[in-house]
Structure formats: structure tokens, C-alpha cells
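Both complexes below contain subunit A, partnered by subunit B and then by subunit C.
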Partner chain A sequence: MTKDDYKKLVKKHTPREPKLRNIVVAFFAGGFIGFFAEFLIYMLQESFGMSKVIAGSWTCLIIIAISSILTAFGFFDNWVNKCKCGLIIPTTGFAHSVTGSALDYKKDGLITGLGSNIFKLAGSVILYGVISAFILVVIRVVING
Partner chain B sequence: MASKQYKNVYLNDYFTLVGPLEKMSHLKKYNLAMDDYYYKEKTFEQAEVKMQNVVVDNIMSRNCLNNSDINLLIGGDLTNQIAVSNYNAKKYNIPFIGLYSACATFTEELIIASNFVDCSGYKKILTVVSSHNLTAEKQFRYPVEYGAPRPHTSTFTTTGAIATLIGKKEGNIKIESSTIGRVIDMDVSDANNMGAVMAPAAASTLVEHLNDLKRDVSYYDLILTGDLGCVGGKIFQEFLEKNHNIFLKKYMDAGCELFLDSQETYAGGSGPACLPLVLFNKILTTKKYKKILIIGTGALHSTTFVNQKKSIPAIAHAVSLEVC
Partner chain C sequence: MNFLYAFLFAGAACSIAQIILDNTKLTPGHITSIYTVIGAVLSFLGVYDDIIVKFGGGATALISNFGHMLYSSAYQGYMAEGILGIFTNMFTKSSAAIAGAIIFAFLVSLVAKPKD
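So, the complex of A and B:
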């Protein structure tokens, strides 16, 4: 059997991922987080008289704090698989990946463990986030002058 | 010839320790169970060392053995530099061999121990093998707390430790023959589909075993592969049918037999502890099978090579057991 034939055999027996279901689940899970954040922004504006920008920053901080605490309680272990990428794509996922790595590596020392591994998963997001922001700003300046 | 028959080699005793999820699986009559993944230690790695310590201590005390009674200790696990086995071995003043064949480590240990007993006059050899879900996850996949979504082909590393005592003294389980496998690479690089990586290696070893010993597959009451999982098991069967015209009727895969469907481990269990746990705590407890061929299958997975876009090679070793 050639390697190509074998690939076909593997494909035949590989169960299909229910992609449509995953997308719908992720849409509603992620959407619920967005809904919750919108509610927070509205509430902060109404109750504390904040401007929309300030309320948005506070909401971001609150979401990060909540998801980090939930990581510590092991909430994501079970729920990421149930909600698919709905929990990982929003800020919750970013906070969770940092806290998860920190929790995992804290026993390997503050420098050699926690320090060097805390951005193990989030590092790519930070690096390519900054680079793409830079490129987009350059494009904007070139177009708008 | 990669196969060898043994005259007087017996698996005299075994001691099994299972993890928290395995405790609630299909396994019965295990010796000890862990309530949590830390096992009263500070880290998962130290917990795995303790797991090996516990099974070795128990099998020695149960058979009234001292360090000096044992000729050789053979150990293996999944951690880098097989650190767990090394830290376990430092507790005992016994000559030590550390092995790594990923999930085929258990059968590799049996083969090496049997050869020493058969040819070198060693009387008693202890083997120990372990895997811990969270040390393996941390090393091969994501940080433990991350809990990334997994595809349906993925398997779940079994938590458990098993010690066996192999010697010349006649017993219920005879190690009859063995076949050392070759490293096979069919160009699969999906680290979430280890069954597909390992199935050709298992087939190669099985065919070599049958040819060397001039046996038909019906000679065995059961052929038990290590951790191909439910997906890999089907690929293995069809691969044998198409390539070698071998039709397996009495076949099981340990990974697929281990967990309950409700435990959501997808394609089943994996890891070096998977095969021995299912063999000792499920297959042998039924007392239905006399001649069993166990094929430990190991994906020689290196995250470095996979990140460099290389495929994953695999190996499988077979051991024939006769149970009376």
C-alpha cells in the first residue's frame, strides 16, 4: 500500500467533525459573552456615569478577571470542549490561556517556569496582534494621508 | 528474525494502580486507585514518581522480596528523558535499565526481561511502567488548565502505573514468544490521530510474528493491540485485510476497551499504562482467553519534529502470553 492509498484509508475511517454544530455552538457561546459585556458597558454607563470608552475598558478588565478566576477553579477544563471555540476566541480565551500557563508552570520556578512560559499560548496573539496593528496603521496613514 | 520463543519464562505477579478517571471505567479488580491527579504530591511529575514507587513497593512486599533478590529493574514512561522512571529507580539499589518506546514501552520491557531470564540466567526481574494524563498533556500538548477542544480521533492518555515480576518460577501466565517491531512511517503527521500513525506498525509486527513462528492468526484466542483507539483499530483491521489478506475475528484494542462512552474520551485511552491495565484488569479477569497476543503500539511523537512539519514514526512490539 502506498502512502497515498494509506491516507485515503485513514480518511475513510476518520469520523467527521460536526463543523456546522460546532460553529452554531461557538456562535451562541461567544455571543453570550458579547451580550454579557454589552450589558456591563450599559450598566457602567448608567450606574457610574462613565463615558462609553471608559466603560468599555472597565468591562474588558472585569471579563479578564472573571475568566482568570474561573480558570483557577477549573471551569474551562470542561466547558471549552462543550462551547468549542466560543470561549477561546473572545478576551476570555486570551486571559484563560495566560492564567492556564501561569498555573501550570508556577511550580517550575518563578523565572524558569512561570516567567518564561506565561505567554506560551498568548505570545503568538501578542506578537502578531502588534505586527498586524502596525501594518494596518501604515496602510491607513498611506491612504488617508 | 525478529521473533523468539522462550522456554521457561513466566509473568509471576503484577500490581496495578489506576487514576481517578480509570477508576470509574471498565476496569475491575485493580489493586489501588488514586483519588486525584496529585496523589498527595506537589506536582504531577512527582505524583507519577510516587505512583511508580507505590507499585514497586507493593509488588516487592507482596512477594517478600528485598532489593538484593531482584536481578534487574526495567522502567519506562512518557516524560522527557524518562525522568519519572529514573527518579523511581534511584530509590532502589537495583541494576536499572530505562526504556522509551512511547506506548509500546510495556511490551518492550516484557521482551527485554524475558530475554534476560531465558538466556542470562536472571531469576527475578521487575518491570515498571507508568503514564499520567496531565504530565503527558503538559509535555506533548497544551498547558493542563487550557482544555483545548479535541477532535474525535484524539485519545486520552491513561493515568496508571503497573509493576510486573518476571522470572523462571512456574506460574499462571507464561511468556511464550515475542517479536521486536520495526519503525514504520506512513507519512501521517496529525498528532491528534495517533491510531492512524501506529496502525501500519502494528500490522507489520503482527505479520512478522505470524510468519516467523509459522502460525495462523486463528492460533490466538485474542489479539490485543495497545492504544490504536477505536479509530485506529478499524484502520488496522482494514489495512491487514487489504495488504496481507488477514481477517481478524478475535480482536480488541485496549484503548477502545478502557473508557465508558460517557467519559467523553473520544477515540479511547492511550499511553504506556493503557495496554497493561486493560490486559490485567479487564481481559484476564474474564478468564475466557488462553492464548493472547499483545501488541504494544507506540507513536514516536516528538513535538519538535512535528513542528518542523515532519511525519510521526511508529513502532509496535508483540508478546505472546499463555494463560492457564
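So, the complex of A and C:
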């Protein structure tokens, strides 16, 4: 059996992901988080008289706190497996990856484990966000003269 | 009506990401990084502020908002303080997200039992 034949055989027997169902689940999970964020912003504005920006920052913090706590209790891993991008793309995914790697590497000690691995997954988001923001600001400055 | 727009926008962004995840070899790490960069680019083009006005929490709850916050605070820093301002203001808006994630992750992991 050649390598290509083997690859075909593997491909034939790998369980196929239910793509359409994944998309629908991601749509509703992500949509729910967007709805929840908008609802929180609205509630904070109405009940505490906050400005929209401050209400947005509080909402961001609340969502991060909720997803960190749920990750620690172990619910979030199952939900991420089911909803996939519906929970990965919102800010919940960021908080989940930070808390998840903190928990996973805690057993290696507070410094060499938790401390050095806490940004294992979220690091790329911060790195490429900062680099792209920096380059784009430089481009904008050059364009504007 | 705002709630419906927020729902639809966040849902659409997530389902596009799911389509990319299922049909390419990219991992969730790639996709979140790409979305962050897209957010910065949309902010650069001046579109993201309009998106936030229209879709509210649906746009700010996504990871692309992180790129938008980084770009807009860096640019505002440049306008206020020049080149140094890019470096000193890069994280001003996104500070809540980063500090929040670090602090909650640390506190929670001190209390929670490590996984097997």
C-alpha cells in the first residue's frame, strides 16, 4: 500500500464533522453572547446611569469574570467542544484560554508552571494585535504626513 | 431591535469563523489571531466605530474588538504625545480585558483543583 492509498483510507474512515450543525450552533452561541453583552450594556446604562464606554468596559470585565469562573468549574471546556467558534471568537475565548492554561500548568509550580505558561494560547492574540496595531498606526502617520 | 442586531452580528462572525475552522487546517489560535488583526484593520479603515454604533455589544464582545482597542488607543496616543504616545498608550483601552483576564485567571486557579 502506498502512502497515498493509506491517506485515502484514513480519510475514508475518519468520522466526518457535522459541518452544517457546527455552523448553526456557533451562530446561536456567538449570537447569544453578543445579545448578552448588548443587554448588559443596556442594563448598566439604565440602572447605574453609566456612559456607554464605561458600561462597555464593565460588560467586558463581567464576561471575562464569568468565563474564568466557569472554566475553573470545568463547564466551559465541554461547552467549547460543543459550540466551538461560538465561544472562541467572543472575549470568552480569550478568558477561557488564559484561565485554561493557568489551570493546566498549575501542577508545575507557580513560577515555572502557571507563571510562564499563562499566555501560552492568548499570547498570539496579544502579540499579533499589538504588532498589527503598531504597523497600522505607522502607516496612518505616514499617509497623513 | 438593537438586541437583534447584536445577536445577528456576533452570530454571523462566529459562524464565519466556524466555516474557516471546519474547512481549513487553521487552528482556533490562528483564527482568533486573524480576527484580532481584522479588527485592527477595520479600525484603521475607520469602519469599526460605525460597526460598534450599529451593533453595540455584538461588536464589542468579539475578539476583533481587542484589535480595534489596541489600534485606536495607540493612534490616540500618537495624536496626543507623538511617537512615544504609541508605546505609552497602546494598552489603555484594552487594559480592562488583559488585566481582568490575568487577575481572574490567577485567583480562580489558586482556588480550583488542578486537572488530571
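Going forward, the second predicted complex is superposed on the first by the 136 of 145 C-alpha atoms of A that agree within 3 Å, B and C clash if a C-alpha of one lies under 4 Å from a C-alpha of the other, contacts with A are read in each partner's own complex, and residues count from 1 in each chain.
Note that a residue touches a chain if its C-beta (ideal position, glycine included) is under 8 Å from a C-beta of that chain, and two chains touch if they have at least 3 such contacts.
As the structure is a computational prediction, the values presented were derived from the model and not from experiment.
Novice: First (subunit B), second (subunit C), both or neither: which does A:84 touch?
Specialist: A:84 contacts both subunit B and subunit C.
Novice: Between subunit B (first) and subunit C (second), which, if any, makes contact with A:99: first, second, both or neither?
Specialist: A:99: touches subunit B and subunit C.
Novice: Hey, is it subunit B or subunit C that touches more of subunit A?
Specialist: Of the two chains, more subunit A residues are contacted by C.
Novice: Contact-wise, after the overlay, does A:121 reach subunit B, subunit C, both or neither (first, second, both, neither)?
Specialist: A:121 sits against subunit B and subunit C alike.
Novice: Is A:107 touching the first partner subunit B, the second partner subunit C, both, or neither of them?
Specialist: both
Novice: Check whether A:1 is in contact with subunit B, with subunit C, with both or with neither, and answer first, second, both or neither.
Specialist: first
Novice: Mind working out whether A:49 is in touch with subunit B, subunit C, both or neither, as first, second, both or neither?
Specialist: A:49 contacts neither subunit B nor subunit C.
Novice: Quick one: classify A:10 as touching subunit B (first), subunit C (second), both or neither.
Specialist: first
Novice: Looking at A:76, would you say it contacts subunit B, subunit C, both, or neither? Reply first, second, both or neither.
Specialist: In the superposition, A:76 contacts subunit B only.
Novice: Starting from the residues of subunit A touching subunit B, keep only those that also touch subunit C in the other complex, and list them.
Specialist: 17, 22, 71, 74, 84-85, 88, 99, 103-104, 107, 121
Novice: Which of the residues in subunit A come into contact with subunit C in the complex?
Specialist: 17, 19, 22-24, 26-42, 56-57, 59-61, 63-65, 68-69, 71-74, 84-86, 88-91, 93-95, 98-99, 102-104, 106-107, 114, 118, 121-122, 124-126, 128-130, 132-134, 136-137, 139-141
Novice: Mind pulling up the subunit C residues that touch subunit A in the complex?
Specialist: Within the complex, subunit C contacts subunit A at residues 2-3, 6-15, 17-19, 21-23, 28-29, 31-33, 35-37, 39-41, 43-44, 55-63, 65-67, 70-71, 74-75, 78, 86, 90, 96-98, 100-102, 104-106, 108-109, 111-112, 114-115.
Novice: Spell out the residues on subunit A that touch subunit B in their complex, using ranges where they run on.
Specialist: 1, 3, 6-7, 9-10, 12-15, 17, 22, 71, 74, 76-81, 84-85, 88, 96-97, 99-101, 103-105, 107, 117, 120-121
Novice: Okay, in this complex, where on subunit B does subunit A touch?
Specialist: For this pair, the touching residues of subunit B are 42-43, 138, 142-153, 186-188, 193, 196, 200, 231, 234-235, 238-239, 242-243, 264.
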